[in-house]
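Multiple structures are listed underneath, in structure tokens.
In the two complexes that follow, chain A is the common piece, with chain B as its partner first and chain C second.
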Partner chain A sequence: MKQKKILPYVLIFPTFLFVSVFTVWPTLLSLSKSFFKQRLNIAKYREPVFNGLQNYSDLFHDHEFINVLYNTLIYVLGTVPLTILAAFLLAQLLNNKFKGIGYFRLAFFHPSILPMVSAATIWMFFLTPDYGLFNTSLSFLGYTGPQNWTANPNLALFAVMIIAFWKNAGYYMIFYLAGLQNLPSSIYEAAKLDGAGYFRTTFSITLPLLKRSTLFISTIAFISAFQTIDHIFVLTKGGPSGKSTVLLYYLWQTRFENLDVGKASAVTIILIVTLLAFTMSNIMLSEKKEVPRG
Partner chain B sequence: MVKKHLKQTVLFLVILVFALIWIAPVVWSFVAATRPLSDPMGRGDVWFGHSLSLGSYVKAFSLAPFGRYYLNTFILVTMVLGVQLITVTLAAFAFTYYDFKGKKFLFTFILLQMMIPTTALLVPNFSTIRTLKIYDTILAIGIPYFGSAFGVFLLRQAFLSIPRSLVDAGIIDGCAWWQLIRHIYIPSSIPTFTAFAISSISWHWNEFLWPLIITKSDASRPLTAGLVRFTQLGEMGAQWSLLSAATMLVIFPLLIAFLIFQRKFIQGFLHSGLK
Partner chain C sequence: MKKALIILLLLTLVISGGLFANGNKESAPAAAPETVAKAEPVTIEIYYPVAVDAPIAKILAGYIADFQKENPNITVNPVFSGGYGDVKTAVQTTFEGGGKAPAMAVMLATDLYDLINADYILPLDSLLTKVPDKSGYLNDIFPSFLENSKYDGKIWSIPFQRSAVVLYYNKDLFKEAGLSAPDSWDSLAAAAQKLTIPGKRWGIEWPSGWPYWLFQPLAIGAGQNIIGDSDTEVIFDNPKVVDAVNFYISLSKNYKATPAGVQGSWGAVPTNFANGSTAMIVHSTGSLTGIINQANFEVGVMPIPGKTKGTYASVPGGGNFYLLKGASDAEQEAAIKFAYFVTQPKYAADFSTKTGYIAVRKSAYDEPVMKEYLAKVPQAADTRDALKYAGKELSLQNLGEVRNIFHKHLQAAYSGTVTAAEAMAAAQKEADAALKDFK
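For the complex of A and B:
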């Protein structure tokens, strides 16, 4: 009997241990280190010195960091909703019964299998000025603007956003496709008899019925937007002059280029709080929406 | 009827155009990788060169230890998945089968890992890895993922849907707890295990930033981090066939596996979400 009582704890222990050491402990460690000044490249500050909320205060008074927050906001709000919208439209288009529809789905889905870093090297080549296929096609369509996308201060962030869009739209699409295929066709037939057009059907039937898919997709999309910087790393290095630096990239720079441990810990906490805020509001939103139905 | 036919054709063309746009980057990179090194893609070139060549692949192999990278990636994904399958199965079983004090607390505690992504913790985890003295090892890349809240969550769902009568039959037959896991819980949840395995493998195959930070030598670097070596070539220009070949070497195995097990992959990704 005694053995039975401790058995469940023993079974859970490995998972508990790894979550403690690599999730909970580092969160607490960052929190405590964020109250200290510690810079590994300055002899005077190699050992941590307590400085209260100075790191946070410095960050929010730093023009550069405000810019990083601004870029992050643009990046997240610019990619997530548009990618989800594209995924939804693609799913609708591909929920048809064409011959070879499987190949089309594959065409949109294949980027999600690729590592982001190789998606980035593929696009590095695709975006080459002068003869890159991207610019060649654009000038064929009459585009005469600047061509060096990743090195242009006004275009760099936009360029990495395009890649995220390209990579994720097909991934989110399969969740919508699965959702669409579960919807009863009788509703659509009824709507058709009532003379409802495409927009009416989409807004009054499809979208409300796929609300759960949308909430799920937006949760994973937001989290992935905050934690994927591989393409920025390869293509723009956050530049030019910080124009494509987002929160996680800034975190990497602060810790591994500037060796500023205190500040990096504060940025870690800010990143975690931001992520938690997004996840929590999504969960709350989904539960609120579920209540009237149940 | 004609109108309907026309609508279908237009729709088909729209999809076709978008599909071509979508595959263009990968196809173009693939094409560039086949050009001979003496005839690299340059201004005005958009398609295959005069002849097909594996020269870029050969050169990519000579510039970086791809064999080693493949092996490292393989060791990494198998190690992570292997450990995860054990930790996750045991925890999910405990949460399903037993009632004990603090069950709810422990479950919530573990779920924290889903809310605070490990990527965000790269700074403190870096110092933990240093403290553990395993910097620059494959173990260091994988160890933060040895416990998986996502896996526990997913498997618990699957375990909960196993009919009670089946478990009771096992108990009557005198199964000990590990026999229940082996003969009832695992066989009844194979699709969930497959789904989890696929998402774990593709996640760790693709991960880049953490391996890059936590390793410095080729002896422990996986494919994704190894690819960085080639990105400067692209910046210097005119090495596109080489960069493309290196990229293809990184993406081929997973892409081919995907093409073969397409249905399983997609099921796996879906499974990891909607249930």
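For the complex of A and C:
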């Protein structure tokens, strides 16, 4: 009897240890460092000096940081919902049986097996002004606007968003596709007999049944939108004039270019709090709705 | 059954662990007899970036083999750690994490101040007394390369893979159009305009995705470098610097000879030049080999023309050897020995001919291998000669932050969202604030 109570703890111990050492401890370390001024390239601040909430206050009074938050917001809101929507529609499309389905599944999924750096390098060639594939295709469709995607202040952020969309839609599609294939066909047959059309079926049957998939996908999509900056490194380096600098890129610049450990720790905490707040509220909202059904 | 399996697994683990431990024990006495006969065996690690399109890893492995033959007690382990940024990050995280840093690393010449302030690197003066003919050695290194190695009256790094900004021009097109090599901003702009065919060919391409380096020759050519004499002084708002920004903008705005706005085209322009879709490019000397191999026309290489007729400008770039703190005396000595070894004229010449970097030693150009190469690729001498016109590369306290500030405002001017004068005034103000703590 007693053994049974110990066993669960023994089983979660390795995970607990791993999470404590590699997640909780660094987070606490960042939290404590964010209250200190420490700059590795200034001799007198090489050792941390306590300065309370100064790092946070500096950040929120710095219009450049506000600009970074704004860019991040645009990036996340611009990529996450659209990517999930596209993933869902693609999954519905590819859940049908028709000739050549394998080809289309492969075509939509293949970007997600590429490392982001490779994907960004490929897109660097697509986006080349004058003769890049992207511009050539667009001008074939009648586009006559600016072609300098990665270096135009109004287009740079949009350009990296396009790549994230292209890269992720196929990946999230797989989760929806797996979900769709697990749904019993009898429900759809019944709905069809009742005369439900595509929209009715989608909104009343498919989406509610795939709620868990949506929760999972939106969580990883949101986190990945904050965490993936490889394409920004390759294509724009946050530029021009900081127009495509997002939170994590700014964190890297602060820590490894400006060597500002204190400020970088504060940015880390802001990033963690944002991610936690979203993930928690996402789960809570989604679980809450389930109560009346239960 | 399960229990038996677990026991079996554990046993395997223990046995393999025991074998490893034995292996370690055995290897120690095996090495001992040699230590009696010769110098103590030393192993050093070198962190190393690959920043150009050349088989650096293979080339370096050859040098290391030669070096180890000459110094059988030293083992050199090169660790290829990505680009320059990755090497610096790797070194930083090793130090901050309390790990043992490599004995030596190749990092940007301009990283000097950050590395000194962070207390990562060692001054080399006393170690350099161990190489044959220290002053002759240092005097033989091109002065503009050695400039970024000096601080506080000491030498902190050994120039190794070095480059400079040059203008590549299509000599065939110039001949066709009856043009001679540009010798001023006016003649450069005029040539670019004349060689432009709208929709088909640009007169000139001048990348500005990460712009300070390719911009510096313009500022120097206008008569005012953006970096001052002290390590905390930048000169951004000087009218001559503003003039330089305006000249860059005029190439697209007035002469229509280059695409408008910021150009994130670093990787694309050597190919554009080699396939004839642009008549001139401003790029690193490191692209010479690639361009010569691709181009089916006569390639001209020269420093960037200055504002006044007959003046020219360039700026050096690239990486140096730094010795990192934490290594033992024997390791430090081995590291400096290796840095000296691969910068001997013979190796400097060989490295230059294989990579396109400029050989760091003057005497490397007297080596037979270099002479042979120059007979085939006379432009390699032009890349070296551009150094005569080179000013100091942007390197100072708080480099990362100051450089980002400069990039932000310079690009805003290039994009046309503010005027050149406004951009440079704002850059000066922000940079001065960022440097306040360093004065």
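By definition in this document, the second predicted complex is superposed on the first by the 276 of 294 C-alpha atoms of A that agree within 3 Å, B and C clash if a C-alpha of one lies under 4 Å from a C-alpha of the other, contacts with A are read in each partner's own complex, and residues count from 1 in each chain.
The working rule: a residue touches a chain if its C-beta (ideal position, glycine included) is under 8 Å from a C-beta of that chain, and two chains touch if they have at least 3 such contacts.
These numbers come from a predicted model, not from an experiment.
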Simultaneous placement of chain C and chain B on chain A, clash or fit: clash
Which superposed partner A:256 touches (first chain B, second chain C, both, neither): both
Which superposed partner A:124 touches (first chain B, second chain C, both, neither): both
Chain A: partner with more touched residues, chain B or chain C: B
First, second, both or neither for A:41, with chain B first and chain C second: second
First, second, both or neither for A:143, with chain B first and chain C second: neither
Which of chain B and chain C A:60 touches, first, second, both or neither: neither
Touched partner set for A:106, first chain B, second chain C, both or neither: first
Partner chain in contact with A:152 - chain B first, chain C second, else both or neither: second
Chain B versus chain C as contact partner of A:50, first or second or both or neither: neither
Touching partner for A:248 - first (chain B), second (chain C), both, neither: first
From 21-29, 75-83 or 363-371, the chain C stretch with C-alpha clashes against chain B: 75-83
Common interface residues of chain A - those touching chain B in one complex and chain C in the other: 124, 128, 130-131, 256
Complex interface listing, chain B residues touching chain A: 8, 11-12, 14-16, 18-20, 22-26, 28-29, 32, 41-46, 86-88, 90-91, 93-95, 97-98, 100, 103, 106, 109-110, 112-113, 115-128, 143-149, 152, 177, 202, 205-209, 213, 223-224, 227-228, 230-231, 234, 240, 243-244, 246-247, 250-251, 254-255, 258, 262, 265-266, 269-270, 273-274
Residues of chain A defined as touching chain B within the complex: 5, 7-9, 11-12, 14-19, 21-27, 29-30, 33, 90, 93-94, 96, 98, 103-104, 106-119, 121-126, 128, 130-131, 133, 136, 166, 170-171, 174-175, 178-179, 212-213, 216, 220, 223, 226-227, 229-230, 233-234, 248, 251-252, 255-256, 261, 264-265, 268, 271-272, 275-276, 279
For the chain C and chain A complex, residues of the former touching the latter: 85, 88-89, 92, 96, 113-114, 117-119, 208-210, 259-265, 267-268, 277, 397-398, 400-401, 403-404, 407-409, 411-412, 414-415, 417, 437-438
Sites on chain A touched by chain C in the complex: 39-43, 45-46, 124, 128-131, 146, 148, 150-153, 235-237, 239-242, 253, 256-260
